[in-house]
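Notes to accompany the following structure.
The letters A, B, C and D name the chains in turn, as written, and every chain counts its residues from 1.
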Amino acid sequence: MKPVNQIKIKKQMSVNGLVKQMGSAGVLGAGRLGKAVNICEAMIKDKQCKVFLGLAGSLVPGGMRKIIIDLIENKWVDVVVTTGATLTHDLGEALGYRHYQGSADANDAELHRKGLDRVYESYMPNKIYEGMEGFIAKNFNNFKDKKSINGLLWEIGRLTPSKSILKSCFESKIPIFCPALSDSGIGLMFWGQIAKGRAIKTNAFEDMKEIIDIAWTAKRTGVIYFGGGVPKNYIQQAMQFSKKADYGVQVTMDRAEPGGSSGAELKEGISWGKMNPDARFVDLICDSNIALPIIFAALKERIK
Amino acid sequence: MKPVNQIKIKKQMSVNGLVKQMGSAGVLGAGRLGKAVNICEAMIKDKQCKVFLGLAGSLVPGGMRKIIIDLIENKWVDVVVTTGATLTHDLGEALGYRHYQGSADANDAELHRKGLDRVYESYMPNKIYEGMEGFIAKNFNNFKDKKSINGLLWEIGRLTPSKSILKSCFESKIPIFCPALSDSGIGLMFWGQIAKGRAIKTNAFEDMKEIIDIAWTAKRTGVIYFGGGVPKNYIQQAMQFSKKADYGVQVTMDRAEPGGSSGAELKEGISWGKMNPDARFVDLICDSNIALPIIFAALKERIK
Amino acid sequence: MKPVNQIKIKKQMSVNGLVKQMGSAGVLGAGRLGKAVNICEAMIKDKQCKVFLGLAGSLVPGGMRKIIIDLIENKWVDVVVTTGATLTHDLGEALGYRHYQGSADANDAELHRKGLDRVYESYMPNKIYEGMEGFIAKNFNNFKDKKSINGLLWEIGRLTPSKSILKSCFESKIPIFCPALSDSGIGLMFWGQIAKGRAIKTNAFEDMKEIIDIAWTAKRTGVIYFGGGVPKNYIQQAMQFSKKADYGVQVTMDRAEPGGSSGAELKEGISWGKMNPDARFVDLICDSNIALPIIFAALKERIK
Amino acid sequence: MKPVNQIKIKKQMSVNGLVKQMGSAGVLGAGRLGKAVNICEAMIKDKQCKVFLGLAGSLVPGGMRKIIIDLIENKWVDVVVTTGATLTHDLGEALGYRHYQGSADANDAELHRKGLDRVYESYMPNKIYEGMEGFIAKNFNNFKDKKSINGLLWEIGRLTPSKSILKSCFESKIPIFCPALSDSGIGLMFWGQIAKGRAIKTNAFEDMKEIIDIAWTAKRTGVIYFGGGVPKNYIQQAMQFSKKADYGVQVTMDRAEPGGSSGAELKEGISWGKMNPDARFVDLICDSNIALPIIFAALKERIK
């Protein structure tokens, strides 16, 4: 049995220095954060391992956009699965809009009059929809023949006028999946065009082949989840029907007891054949908007 | 100001009698449960109101299937949006499989060897996938021309050999939406057929028109969410782009502070134009597998 | 393996009828609620078992006061441990004050000007402190020689002008412990008298003998926790140093992962010798203000 | 309105550099962590401000002991309030015991046989109680006349053979309060001596004067809470009956909705007169075992 090391903080510590100290505790929040970074490092450095990143929750309104772009441009991940909301926030910023610092105690009726959509204590300007509508309408011919959602998203990324999560996926040739794209502002903009009589060929099941193929042909796989929802579940099912994950890091604030997929502990995946019984994995109970910058900063110190 | 009424429990109280007593507290958990039932009752009894039900989480493995079927057969709701997982569990039971009482402390590697997929402390037999594969393969010709996911789901419901959530939606002509159907066992079975060279026409954006139309043409709308995820968000976006909800009940264990859609308080929807500023709504912080039977039993006493 | 029973709700179901149906699911929220009632029933009906009730959180402002009084008057519990806050709310109501229905979105500065102390969405009138001060000052001679906190609380209960948790404990001769009484409005009122030069003999360690003796001399013990904090921990330590609990029901919204006592799963107590390895126990993840009325109403149908 | 700054991580960033970047987001988890550090820095640097630190939860088994000792030795806080459990863990380590890295999935009955008490995934050797018993028995004459719990704790600190939270409080003359000391291993050891016929004079209400006096005579006050429970509430009540806090930082995983004190948002304190309406304060929803090392490391870079 190893004793819990009592953490010793030094002046001017680097983030990685702190994370190592935290990891020395070995247990509970600090220890798990340390393990999360170790496991991320291991799967990224494992050249035979394909890394699947699931992103849910309020990451762009929380200030995580450049970190995600960095992760992709560094090619530390091989597949991204995310929500339509995240891509809508990302496209909005790519089109020149910003999110704003607000308050969770704001008067929502007043915000509505001002055209501000509240995301807890962050505000998104409602005008973002106009910008997106124009962008989608103008480029619709580029989109209409895309059979897969990934194909559609890469094309959006290619066409966005500035750096974005979508553009970095396109440029780095990282597949990006979003099974419920219709459940988002971007989805609504496509619906708007369809309602005007335009047609699009995107098939609801087309992307499945690709994500499962990537897992299937990989020597080893690793999963990193910030938040749950469809992104986590879609990656988990790719593991189940191809190659069990050998590495796993999950960061979530959802609870396991109600039984939903978002809060499920990674070890549950062993029963499903989603996770290798001798995989290295850890569940970190933490807000992604706290854990992601710390994990990424520590990794940046460790990896090349 | 109204005083908090101290609840008085009587012998042989009916569920509705208890819920009324709980509602008399007016505040906190008991008071909010009371309000949730009152608001559900009001929206169901409001003949001009279209009720949108969002279902996420582990409801069928938790024993909620017949309650959901009852809700639909009673036509207390006009639209159902749910996850592929819920429909997979539902179809599995319709094909003769059961979920089993297990333990959250089980050895997952052992469960895997036994072919049991763990959902916290409920087990799903992995053989369910064989049954579903056979069902989807056999009936594929009925599915292949369905352009919308709702159309596909109704057809599955029509063909299932026994009562199910899907069948009750089909028979009661209640639209059922599942934007991320590809993220589920059912989705996988379709992918399996596609991988064998069969084709299916389901379009990723096709359903949006219908859900928005229903909201748009309604005189009033109400939303009931058990759990968050895509079901909640998809209904919320339908409200945003058509008719703000006049009634709202949300039952969730997710937190608001990380900023994700699942945990967002209903009042946040006012800023987006999803919720009417003078709507009647309540957030009930409770496990759906606890709240749903209580709410439904109380409603059953109140409504015809 | 037992299948998960899908719950069937009937019209005009009694609460116990519903709880039995919920218990039939066997797992997750509904199943655990069913188990919680079964285990409470078993320990209350076991004549050789001393039942220890721990109460924390916002129960009186949430409308639970009469339920708690009923529990005590029925002698379903043998020992009560609670917080000073709960007793302050209870004494306040006994002195004629009420709690009020409020809003979690209220302007707190305005409430302060109005003399309303907010407890999430319940308000306590600040004048309660004047009433308590008068009560404690007037009766101080009755209190000053009480060596134990239990002795002090029974005397307060004896003197309160109307039915209360404190009075019912005194009248039913149910020991009531509150280790951190100084951390409460009642504590402050004693401090006020001491600050005026009066003295009180209450010893910080005096009650320990009694609670441990009760557990020690019992044939069997059972624990019921609504909320965590000192009440739970103080009972757990009495179990550890006397007789391991044979029955356990915990209702909490706190999480286990941060490692605090409030959120710790009951099974953890087995390692400490607080819980018998073959005890019947269940952790119910639920707000006490929701679970307590349901559990109590079901028990009322089952017992006597 | 200020835009949400998208965080940019640089190589070899110091912890404070990262925290500043996180603070630049302005909102949600990262933004709140940034604010928490800013507010801690402001209250520590404000020479007219007395800082009250509340510590609950599993901090010593989580590896936070040296950080807490550093905080005290730096005299960044003026008052410490904590739980008996934290002091028991601290005294145990001071007497030469260690906590051990374990697993939340361990077999608790087996741990019991091995004499290991589980704290989620950390283990405390049960032998710790023998060491403490010897220590308390041997030094009982030094303790028996201590009227206040603070006096008792300082004396324990003075006598402990090595550096500890208790010793650093004694040596730095930082008052340390623990209203529910009887609810702990240390309390049990005193009870053990009392059970053998020895007497101790510690009065249950004695400490109240001192903590309220410190707040009363301060020009300004600030509160820092890691976890809730009695430590938070006891400081909050000192604020209520003396000087409203001008600064506040709360780190917790407890929820506000059930209405308990532990999860209550700091703004609620404004209604009670515990918090100044124009105080600078923030609620950080995070595990203390994650947030404390980060906050402390950032402060160490900023202060002196």
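Heads up, the rule we're going with is that a contact is a pair of C-beta atoms (placed from the backbone, for glycine too) under 8 Å apart; a residue touches a chain by one contact, two chains touch by 3 or more.
Values in this document were obtained by computation on a predicted structure and should not be read as measured data.
> Which chain has its C-alpha centre farthest away from the C-alpha centre of chain D?
Max centre-to-centre separation from chain D belongs to B.
> Sharing more than half its contact pairs with B-D, counted by residue number, which one of A-D, A-B or A-C qualifies?
When the residue numbers line up for over half the pairs, the pair is A-C.
> Go ahead and note the Å separation of the Cα centroids belonging to chain C and chain D.
25
> Once you find the CA centre of chain B and the CA centre of chain C, what distance in Å lies between them?
Centre separation, chain B to chain C: 35 Å.
> Could you put a whole-Å number on the gap between the CA centroids of chain A and chain C?
Taking the average C-alpha coordinate of chain A and of chain C, the gap between them is 43 Å.
> Give the residues of chain C that touch two or more other chains, as numbers and ranges in rising order.
Only 28-29, 58, 61-62, 105, 120-123, 253, 255, 257-259, 267, 285, 287-289 qualify.
> Which chain A residues qualify as touching chain C in the complex?
28-29, 105, 255, 257-259, 283, 285
> Please give the residue numbers of chain A that touch chain D in the complex, ascending.
For chain A paired with chain D, touching residues are 1-15, 17-18, 21-22, 24-31, 33, 58, 60-67, 70, 93, 98-102, 105, 120-123, 253, 267, 285-291, 293-294, 296-297, 300-301.
> In the complex of these two chains, what residues of chain A are touching chain B?
56-58, 61-62, 85, 104, 106, 108-109, 111-112, 116-123, 126, 149, 179-185, 187-188, 190-191, 194-195, 200-205, 207-209, 212, 227, 229-230, 233-234, 237, 241, 253-264, 267-273, 277, 287-289
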